[in-house]
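The two complexes that follow have chain A in common; it is paired with chain B in the first and with chain C in the second.
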Partner chain A sequence: MAAKPGVRRRIRLTPYLLILPTLLFLAAFFAYPMVQGLILAVYDDEATLPLLDSPDLSGDKVGGLAQGVQLDVLGQQGNRFDGEVTNDLLTEQWFRITGTGSEGAPADGWAPETRVRVRDEAADGTPRGGTIRTKLAAGADPLTDLYETPSESAEIIARIEAREAVAIEDVATLELWFEVVANDDAIAEGATDAQGWVPSRFIQVMGEEGERARVDRGTDGEFTSRFVEKMFDDRKFGPAWQTTLILMALILPLQFVLATLMALVIHARLKATSWFLYLFSLPMGMSDLAVGILFFSMFTSSGMINSVLEGFGFIDDPKVFLSADTRWWIIAAIVLAELWRATSIVMVIIVSGLQAIPDETLEAAELFGASYWQRVRHIMLPLLRPSIQVALILRTILAFQVFAVVIALGGGEVVTVLANETYRQYFGLRNTNVASAYAIFILLLSLASAFFYLRALRSQQELNA
Partner chain B sequence: MRTNSGLRRFLALLLIMTMFAAACGSTADDADTASQTSSDADTASQTSSDPAPDPAPEPAAAPDPEPEPADDGDDMGSMDATDAQFVSLQFSPVEEAEKFRTILGDIDVTMGEEGPTLDQILAGAGSIDVLGALHGTFPPLAREGALTNMVDVLDDLSADRDIAPAFVQSGLLGTDDFLHYVPWAQATYIMAANNDALPYLPEGADVQAITWEELAAWCQNILDGEGTEKCGLPKAGLFHRFLEGYLFPSFTGGMVSEFRSQEAIEMMEWMRDTLWPTMHPESINYEFMQEPLLAGDVWVAFDHTARLIDAFESDPEQFIGFPAPAGPEGRGFMPVIVGLGIPADAPDPKAAEAVIEYLTRPEVQGEVLSQLGFYPVVDGVDFSGLSAGVQIEADTVTAQANSPDALPALLPVGLGDRGGEINQIFKDAFDRIVIDGEDPAEALDAEGDNLQTLFDETGAPCWDPDPITDGPCIVKAAG
Partner chain C sequence: MTASPTTPPIPTAPDLNLTERKAKPTWGRMGTYAAGIVISLWILIPLFFFFSMAFTTQETVRSYPKNFLPFIPFSTSTMEFFLRSDGVGEGLINSVIVAVLTLILSTLLATPAGYAVSRYLFPGRDLFRLGILAVRAFPIVVLSIPLAVLFLRYNLFDSLLSLALMHTALAMPTSVLIIASVFASVPYELEEAGQVFGATPLQSFRHIVVPLVLPGIAASSVFTFVLSWNEVFAASILTLENRTLPALLLNQLSESSDAYQFAGGFFLMVPSIIFMFFIRKHLFNMWGQVSK
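And then the complex of A and B:
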């Protein structure tokens, strides 16, 4: 296909056009979520709260405080505010109301919106009148204070009773800012000693007079290894990791031996070979949770195994297989359930590999006097190497994700695996970052194992090429 | 003949590949459904209504629009409850959901899971009108200002019904006047026993006023007499409530501040050496104690009223209910509160209010009690028509709450969205000492440090039965 000088080779676009939809699909539903998960595991987007030099979102940053730092509150300011309410501030709405005070005199002052139930609105929605709400907290002062200006540190100029009808003269929306500095203990531990303003949404004010606070969360993110460290330090990480490895070490060899035997049975083309294929493949259609529950019902103290053992007189009382003291029995049950359920996947791959071996090769070997097992060892297994490689990669990746069977048989607490920990961190502890760290860990393990198999099981031809 | 077998083989392989594809496709969903909480794996992001509910609606099923004293809502949506998007995090197991839908009649409900539903509301999806959830679900929403103040709804409802003031207090989440949810139902945890276990009661013990030591002796007697353990605890279920609300308060007088006290250490040693060995070893798998009770595997059990109801209903002659045991500091018990809240971005708040009005009617509360085992929070519910099983539970719940040494332990407050961690700390402390055999003093001290860190990081003050503090709760130092 030497190109003649002066003639350009036409680029075939069609294959690339065919790949394009697949690439888009993979990017949207595969690469994007994976990248998001990776970012969640290593990036804390609420790490530090910036301190500003003035109570204004456009102020200059004078320092930053980490989440959880304890603060002293130096001052507070409510800026009257007419713009769009953003999510960065905690806004309070205040009403200037007029009505009859608790002593009968007319009252005119500011009260927070939480104290007033608006019952009458103008056409454009502006509140015009309402009633004072009761205070629900037990032991709270039943009277509502009216202030001179819309601020709780202003002077109280009147008090008014609950359910009193009032007219609303004015509405003020305030954005709350606090002037804070890290307290002495925090500074001793390394926090900045800068003083600045922070929007109220991100701190939690405590104390009788609101003189103390702590940083609830920040707004500036940073890369951190905190979540990955938290995952490794978690009490359940070690057991989960160990159990996953033990399960793999037990299940994989047994499955491959079983699957190869099953595949050889099918390959032998016995009388009812298609029935063998159906039978061996049936477990593939069951969900792993269903299989887990099935085996749970078999191993439980009133289950099938105990009934059989008791029926034959081997034991007098039902043996408890699934308890905190019998962890190894739980692992054995999981191994059995996984063997039953997932061997067919491996078998199907090996069957297809066996189909690819030409019959002539095997017949020639038979003619030359090789016994059945010699044919298996010296001809079929070497030629099956690519299929075994594929099956190993697939099965190992699935084994890292084993989840439903473990939950069904062990309750998730006594025997735990990596996938269960991912689930528990999100659903139990609502810790999306650590759950992501676990998920990325499983992903990296899967990639590493795939890489390992591809190198370790390279055929001679690949090595030579 | 040969073409026939070739065709058959091709069809067989096609069948296998289809099953393979189906199996591999289903593994993605299994991660959601795999939990043994047996909740339906409904996506919380459904914005379309559920299919039409069951036929034969209850007589009380037709919801009337709520009469508003002052009409300040003009274009805020209809007042018809059937238009509301109602998501319930309770009653998700299939049978309970069916009963609940029957009670609701024409009102649609979607069952959800806590984590995804919270994330959905916090992301501002604006698709939920009413959220029915446990008390502990609301603090993460309150922290972000994602809830509507229910104080006006309560005010309107209070015109014609009395809602339990204690639960309204819980709904304030520590504030003076921001009500985060309208109390909807309450439940608690009680004990159940098979009549066959009664002959083994220790001398002089009154089962309706039993102590923890007597319970241990009882279970030991059963073990000795029957040769096998027949007491059970739901270790795979709501076990953290058992530890937080029943065990620790009864022995230490508090839930968290005395976590590593000498009394707590002795209690855990007693648990490890005396009580846990009498528990059925399969307790690690028990989630709903009604199942082993009905199977006869367990004769004495502790669990949530809704998870014992089937046993009492199926065989009321065989089982008795009794209040949780008392310890040196009292009879600790934990009331569970379920509330109805309206997210701040609800598309149809008026319809939401109509749903809440319907669910807080005394007759509907009575239906929820008799069908689902959750107790009313309003006065005026007719208790006369209850079935035998529910009656047993109702009597036990009342006896427990009214016992002279009753020590109510409330749900943890102020932990925001880290409420799950405190449950984990209690469970870990138990596992380390009782299952793994670690030294009790060291394990409680280490977990006590975790508890203190949790309080320091969330700023949560102590709550009943611990003395209320200003500022983060203090877990007293060991010894």
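And then the complex of A and C:
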């Protein structure tokens, strides 16, 4: 675009500075986590465990094992470990000891903790001295080897007699490394048959002699559809999305009828309108959990519905509405609770739409003899289409997230919904990735339905035009 | 899912016209009244029964069938039992802290943004508005899980501040849109007039605009407070020890008595009922703006 010479468009900085805090905040606490969520659903950052050719982090990688692969343990070795010792590590202690060697010369070298009985400790528990243990096995070498470094593969620099008193100069913590190979079953299922070393913190060693193991977690990430598949295969997934859709199909139409009715009452501008408005919009600000509990108080077997029915003599025994055998009653209660709670917002949007319709239009129709019903059907409803579209999108997105009401009325077991499964995967099963897959699934459903409404309602308008 | 005050959308609708039409009582009018009363009862009767359950003896809560006529005996014993239960005091305090933090954060951040959107025409303004609307349409469920993971990574997990940050992200879009509409309702000419009479731009903002927008911004802040007070999904995901009241209630649902739940539900409802009472007249100039 050619700007006129001499006219410089000045871009003012002020508005950008004013919106900057909001933008930064939303970037940090909305956009960034959103992207992270997407990644969590399709990326496993612990997918494979590299096998190294030597028991050493700098060793060369000879293969990789997927999480969960069953292993045979071929050998083990300790490696000096200086980091913080956590629960998932298998460690052993080595002592640097000094004493008199088997040949009478002073000996100074490393021996595993198992070879020394500690007899003297400092106040803080640090071992200071002890004696060499006797080897019990028949025919065992009576001497204990001292190594140059704390490792069984190091050079033996001295030998020392059993029961000899020694001073403990230093303590080293070793992490065990295991030489492993995938077991035959795992190889048959496609795991690599490479054999190599892995540190203890990534595997779980099992079996009486520690002869078997399983890959606990890996260190190399990879993109995977595993979590998404796990979500689809989950036995609660089918019921969850079906119930979500059933609830939506039951709630939305009823809600729109009721909301339109409310809006027409408000729009009639009666004397009591401001009171009606307050009452109708009262549930709008209410917690969904509280409303769930409210309807629980009505439907529970010692609740108000049973009390009223029995009070008027309709029933003799309380009816059980909310139990594992009464799935449809639970759904009915959820529908009523959602209808009670979330209709007001639809009403507000529809009333806003009604306000935008000029009185003259309606009066003209009245003059030409249109009945009230005809005015509603042929003037108000068509003109309300944009408002209804907005309300539909909003309500559908919220319907995919219905959660607390379902828990309060059904406990979350008999009747489950997508949001509840997300919660269960995250909290009950500690499966963050699958929970993320659920979250992304809900997001995609929301986007798809918003897109659908925009298209569906627009094409109708175009047809009418 | 959350908790409403569900964030409604933004059209520029005229203020709600509450002036009655002058008309004689007719059958149509009486029908409308009847419909209004029936709908009001549908809203009120469950509330009435629920509140009477929250304010009665625990024996009455357990009893069956309940004598609902004429009245359920009034007593504060259920309420006292609830307030003395484990964790409830802390839960209430946590809820208040989180809601107040959310209120402060989102008002501080959203006020300048709302002012910018209503007062300046700048390249990117529509994009900003659209972005804000998109944020509002995103599901809370989707945001909670990755935020929990991030907070865990940065050692912010299970802190009230982290929950307030999350609630702020949720409330921000609506706050910006409401505050923008509040500023838009104060004509810029008023500010100019102040300057004509010799005030500096800052003075005329301080003495003319601020008093006019304060009630609207207060309403938006209270809305934020209620949103945070009600929010249960993120609160349950993001906190463990420092539970807010709704997270505590949700967690206790399966093992607590009916009396405990009813009293807890009552506490959750109180702020929103008060809030709706104060903003009922502004409902449409506030939220009418938010729907297109």
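Methods note: the second predicted complex is superposed on the first by the 337 of 465 C-alpha atoms of A that agree within 3 Å, B and C clash if a C-alpha of one lies under 4 Å from a C-alpha of the other, contacts with A are read in each partner's own complex, and residues count from 1 in each chain.
Basically, a contact is a pair of C-beta atoms (placed from the backbone, for glycine too) under 8 Å apart; a residue touches a chain by one contact, two chains touch by 3 or more.
In this text, all values refer to a predicted model and were calculated from it rather than measured experimentally.
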| item | value |
| --- | --- |
| Chain B versus chain C as contact partner of A:Arg115, first or second or both or neither | first |
| First, second, both or neither for A:Ser274, with chain B first and chain C second | both |
| Which of chain B and chain C A:Pro15 touches, first, second, both or neither | second |
| Touched partner set for A:Ile407, first chain B, second chain C, both or neither | both |
| Partner with the higher number of touched chain A residues, chain C or chain B | C |
| Which of chain B and chain C A:Met284 touches, first, second, both or neither | both |
| First (chain B), second (chain C), both or neither touched by A:Phe296 | both |
| First, second, both or neither for A:Ile397, with chain B first and chain C second | second |
| First (chain B), second (chain C), both or neither touched by A:Ile345 | both |
| Contacts of A:Pro386 with chain B and chain C, given as first, second, both or neither | second |
| Chain A residues contacted in one complex by chain B, in the other by chain C | 274, 277-278, 281, 284-289, 296, 300-302, 318, 345, 348, 398, 401, 403-404, 407-408, 411, 419, 423, 426-427 |
| Interfacial residue positions of chain B with respect to chain A in the complex | 5, 8-9, 12-13, 15-16, 19-20, 22-23, 26-27, 30-31, 33-36, 70, 72, 113-115, 118, 140, 143, 145, 149, 151-152, 154-155, 165, 168-169, 172, 175-179, 227-228, 235-236, 280-285, 287, 295, 297, 417-418, 420-421, 423-424, 427-428, 431, 435, 456-457, 459, 470-471 |
| For the chain A and chain C complex, residues of the former touching the latter | 11-12, 14-19, 21-23, 25-26, 29-30, 32-34, 36-37, 40, 258, 261-262, 264-265, 268-290, 293-298, 300-302, 304, 306-308, 310-311, 318, 340-342, 345, 348-349, 351-353, 355-356, 372, 386-387, 390-391, 393-394, 397-398, 400-404, 407-408, 411, 418-419, 422-423, 426-427, 432, 435-436, 438-440, 442-443, 446, 450 |
| Footprint of chain B on chain A - complex, ascending | 68, 90, 114-115, 117-121, 133-138, 140, 201, 204, 206-208, 212, 214, 216, 235, 274, 277-278, 281, 284-289, 292, 296, 300-302, 317-318, 320, 322-326, 345, 348, 398, 401, 403-404, 407-408, 410-414, 419, 423, 426-430 |
| Contact footprint of chain A on chain C as seen in their complex | 1-6, 8-9, 11, 13-14, 16-21, 28-29, 32-33, 35-36, 39-40, 42-44, 46-47, 49-50, 53, 62-69, 108-110, 112-113, 115-117, 119-120, 122-125, 128, 131-132, 135, 137-150, 165-166, 168-169, 172, 176, 223, 226, 229-230, 232-233, 236-237, 246, 249-250, 253-254, 258, 261-262, 264-266, 268-269, 271-273, 275-277, 280-281, 283-284, 287-288, 291-292 |
